[in-house]
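The letters A, B and C name the chains in turn, as written, and every chain counts its residues from 1.
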Amino acid sequence: MEQAIDPKARPGFVGRAMHALASELYPICRSITGNGLRQTLDLVGEHIPLQRFEVPSGTEVFDWTVPREWNIRDAYIKDRSGRRVVDFRACNLHVLNYSTPVHRTMTLAELREHLFTVPAHPTWIPYRTSYYKDAWGFCLSEAQLAGMADDEYEVMIDSSLSGGSLSYGECVLSGNGGSDDEVLISCHVCHPSLANDNLSGLSVAVFLAKHLLARERRYTYRFLFIPATIGAITWLAANREQTSRIKHGIVLSCLGDAGAFHYKKSRRGADVDRVVTHVLRTSGHAHEIRDFMPYGYDERQFCSPGFDLAVGCLSRSVWGEFPEYHTSADNLDFVTPEALEESLDVVTAVVAVLEANRHYVNTSPFGEPALGRRGLYRSVGGSGVGDENLARLWVLNQADGNHSLLDIAERADMPFTLIERSARELVASGLLVDPADVRPDSA
Amino acid sequence: MEQAIDPKARPGFVGRAMHALASELYPICRSITGNGLRQTLDLVGEHIPLQRFEVPSGTEVFDWTVPREWNIRDAYIKDRSGRRVVDFRACNLHVLNYSTPVHRTMTLAELREHLFTVPAHPTWIPYRTSYYKDAWGFCLSEAQLAGMADDEYEVMIDSSLSGGSLSYGECVLSGNGGSDDEVLISCHVCHPSLANDNLSGLSVAVFLAKHLLARERRYTYRFLFIPATIGAITWLAANREQTSRIKHGIVLSCLGDAGAFHYKKSRRGADVDRVVTHVLRTSGHAHEIRDFMPYGYDERQFCSPGFDLAVGCLSRSVWGEFPEYHTSADNLDFVTPEALEESLDVVTAVVAVLEANRHYVNTSPFGEPALGRRGLYRSVGGSGVGDENLARLWVLNQADGNHSLLDIAERADMPFTLIERSARELVASGLLVDPADVRPDSA
Amino acid sequence: MEQAIDPKARPGFVGRAMHALASELYPICRSITGNGLRQTLDLVGEHIPLQRFEVPSGTEVFDWTVPREWNIRDAYIKDRSGRRVVDFRACNLHVLNYSTPVHRTMTLAELREHLFTVPAHPTWIPYRTSYYKDAWGFCLSEAQLAGMADDEYEVMIDSSLSGGSLSYGECVLSGNGGSDDEVLISCHVCHPSLANDNLSGLSVAVFLAKHLLARERRYTYRFLFIPATIGAITWLAANREQTSRIKHGIVLSCLGDAGAFHYKKSRRGADVDRVVTHVLRTSGHAHEIRDFMPYGYDERQFCSPGFDLAVGCLSRSVWGEFPEYHTSADNLDFVTPEALEESLDVVTAVVAVLEANRHYVNTSPFGEPALGRRGLYRSVGGSGVGDENLARLWVLNQADGNHSLLDIAERADMPFTLIERSARELVASGLLVDPADVRPDSA
């Protein structure tokens, strides 16, 4: 089932494949529990190795309880003529997510308090939920509502709320070096037909995993495909002790639109914050770095004070700040193959820095080594020292074991990629060594 | 004699009462020792519980010696016709404060070197002193001086400089919790008829004490009513060991004019600096925060390196920066009930933050607690999280015992009052606890 | 041979003497080894006490080997008529420095790959070297090259490259207090007829040494006159253990032109960085402070990670940033007596701060001492405290043993010279003491 991606095929192919995965998943009616969620995990499992977990309803998870499982087969509002004026089969957003079952006839006046619209955008259907309070309702466009006569309607939601389980998936790609250190990549998979807020993050996660499958890995990568909030809390409750292995983490969401990148830093301030900032800054993409705040996606849970993990959140447009957010306009046209692939490139670059960001030591630290003799000091046309030479001098000067390559790149104000290439050349020449590679017990 | 103030009576009543106190004290001829100072302390003692101390002349206080006591009964310059052209009875600023006695007849030419005016403001009388060098003199307006013919004058100062004592007052309001931790509020009470530079700080201190009398207090509040410099040094010499109890302190001065607030930070950098800064920033009042410098009011003494206390200085207009400073124009018109009450409000808010600024601990730190279940997550009209909900999330996220409520307010960029209200709600729900309240030995 | 300078003779005399020294040294053909370098050190030794060291060719110095010694007697390109169209006797820049010997006849076409010009400045001769790769060549102006017919030429370089030694000089001025702490002043002396990039730094170093000869010294001053790079590495290899004595250091270069001052900070961040910054900031001279980078002059070696010394680099115009750099236009007209003397003044001021920058302790730290009684609080005309009084208050307030005079000057935002004068007055009055002066074992 695993498919490794040929990086040379880019650009174009990968972005289209990412969009195709989103398209395949789009029609499914997901929620925080239920069969739509399971179908989604099944499809992810066709791309990458995925282990599925089921946590029974009623399980205590910290301050919360895993809720009853919700499933839905059909729903509609029929007018007197029997025509479905609102039809779940046309769009799963039409039902208030987690609606209790109902089958009644009622006047429009009675019905109105169960109806939700987006007044500012008359043709859009909103996305609404009621996970923790029993309720039922329908979401529809202002236009649909305007077309409904002041009459009686048959209202039917064929849903069930009963004991079952909460599902989530994990894809674990072990590191090659035997280290327990982990990188956590998390995305939520609980929204029905919403493309940017849900499927874009899922798609970037899946294709990042494919990319890593084909490579040597210093870290173990743990990908979570979980329902938002209750899923993260459930996972944390089941993995409380192991979270200390997580050295870096990113929550992925809203990565398919054409907006500027936004990265929200972790609560504690962490290397991953500096890495993402560096990658975005040197990428040329428009971007904004934001401070942590305790609202947003599942970084809220990972950064709760009992865990305080080094986890930030990467998005393009930010939840709640684009009009399509949580409406039917967040659809497959709103996310593009180009934006998805660009997001994957950024995340891949972040992972590359995490992998390569070591603390080297200069083996010839007294004065500068004679680089010319080793062919490592190349004359350049102009009068300056040249970026390649200067990068080598920076690495040698700072490689005292206290500075990571990222520290050096930042002090030198040079791209990590150039600093890292210099480090590799210097390692090859014997002028640089990673102490972790020469410890007797690591042989 | 203690009078508690009903806070509901504001605005208006309190400001007028503050101004009335200043008006009552205004005519008294104060100095760094003597009966005018004692009369002032007597009047303060009619409003709040005050203990008076008398330190004998000649007492060694660190590098200084308590000076002889100065008292004055009358003073004048009479012309040949016997008319008082300068009359102490009309304004006590007319005499150089701490003048030695004199009774002579002399020409205007001889007299001139004993006369002081304010050339830039022809109708104002300056305020001058000579505490530590025997001298006598008169202060008068340029207009008065211009009207004096080149003739002989009878010069008389009926003052005495002799062994006595230096007086100061302390009002101590003990904390309710049994803690020794203290807040120091200090003002100088040694200037004669000057309203802003002297009486405004005294009035704010008196009414802050009245306010605190009616309340539970976490801290002990120690109010000092002292002569400037020598009074502070005398108090410090007498209380050297106890100063370690002082956790926060503010010197109050020049708080009755209509100018912007100015706060000068402590030498060491302290919580009180952050608290005053936060209160001023969120108050909407024009204000400026200044770095410590070793000149100004008695914070100079409290922040001397041997003590280095957490004491700043709050003013509206700053000494020496308003033209009325140390002249007869710093009178009862220059200070207003509105400005005095506004200053009291700021100081009261500062004290409220000091009292409420605790280090709470989230009792459910693993993931977010289920706030909705507890009625602590209220749905809001718009799409955002809402300030009330967000404040609760901030408190829960940061309440790991390392962050005070002020730390949280600053990181959240929210008013302390909102953060503190959230904390109270969370304490009531059991989600937050102050570890100091649950230690076995504090029961 | 030592000549002390009378500081009263300034301005003018010293600058002219500095320029005269540069003029005397200018014609000598220096390189990183050889007799030109020895002649240069001989001339320096006529001004200040100098010890010369000779390190044999082939000596291993860390990652490098001391090269063969280079000497040159004559060199030319003669045309068919026997006329020297390029003549080493006219300008020693004409020969590629470290050229191997050659004597051949060749066509202009063959010769061209051994010729170097400055295309942008047709009348200037470039300065080029080939220390570590055997090569020969000539440097000439574009105009000269344009005048050479497409003909045969006799090419002759009468040089030798053979076993010998690398020479350098040290001038050590011991501190008076018996302390081992050192200040390092280093300049390179390996360039032939280049005035700013070479001789200006040498001249400032020589005259700073003269200045210090006539004075009490807290520190030992070690002046290095060394060939760039290999000289610094050779010196470090010979003095590896003693480098821990170096508390402050400055590399001097390009100090004779009229440009703004530039100071490049040390790798580690050090007191010398703050001192030079303070002196430049309060000097009124245009200046720029730059962060450390591992390229430039010998601070590269002193700041290599194995040493990481507190050494920065002071220049006026920066190498590579002025068009005359490494060309015949960097001549005796490009450096001026005024600029040289101004540079010396800055360096002398830096040394004055290093010498005077002590950690004093207030002997009367409880409250302010009574300054008026000691004549240390002088009344001033205006209403303010006055800079002299305020400086004394700052010193007393901050002199708790944790703050140097420079710390105090920076916090007070006052010139070090004012703060230091205040400190001397307070020491004289007994209110301030340097703990180092009162330790029993320092008696």
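Criterion: a contact is a pair of C-beta atoms (placed from the backbone, for glycine too) under 8 Å apart; a residue touches a chain by one contact, two chains touch by 3 or more.
No experiment lies behind these values; they were computed from the predicted model shown.
Visitor: Cα superposition of subunit A onto subunit B: how big is the rotation, rounded to the nearest 5°?
Guide: 120
Visitor: Between subunit B and subunit C, two touching copies, which fits better, same or different residues at the interface, with half of the numbers shared as the threshold?
Guide: Under half shared, hence different.
Visitor: If you average the CA atoms of subunit B and of subunit C, how many Å lie between those two points?
Guide: Computed value for the inter-centroid distance: 55 Å.
Visitor: Return the residues of subunit B touching two or more other chains; collapse runs of consecutive numbers into ranges.
Guide: none
Visitor: Along subunit A, where are the residues that touch subunit C in the complex?
Guide: Touching subunit C: residues 362, 364-370, 372-373, 383-385, 390, 393-394, 396-400, 412 of subunit A.
Visitor: Write out the stretch or stretches of subunit C touching subunit A in their complex.
Guide: It comes out as residues 61-64, 132-133, 229, 232-233, 236-237, 240, 267, 293-295, 300-301, 303-308, 320, 325-326.
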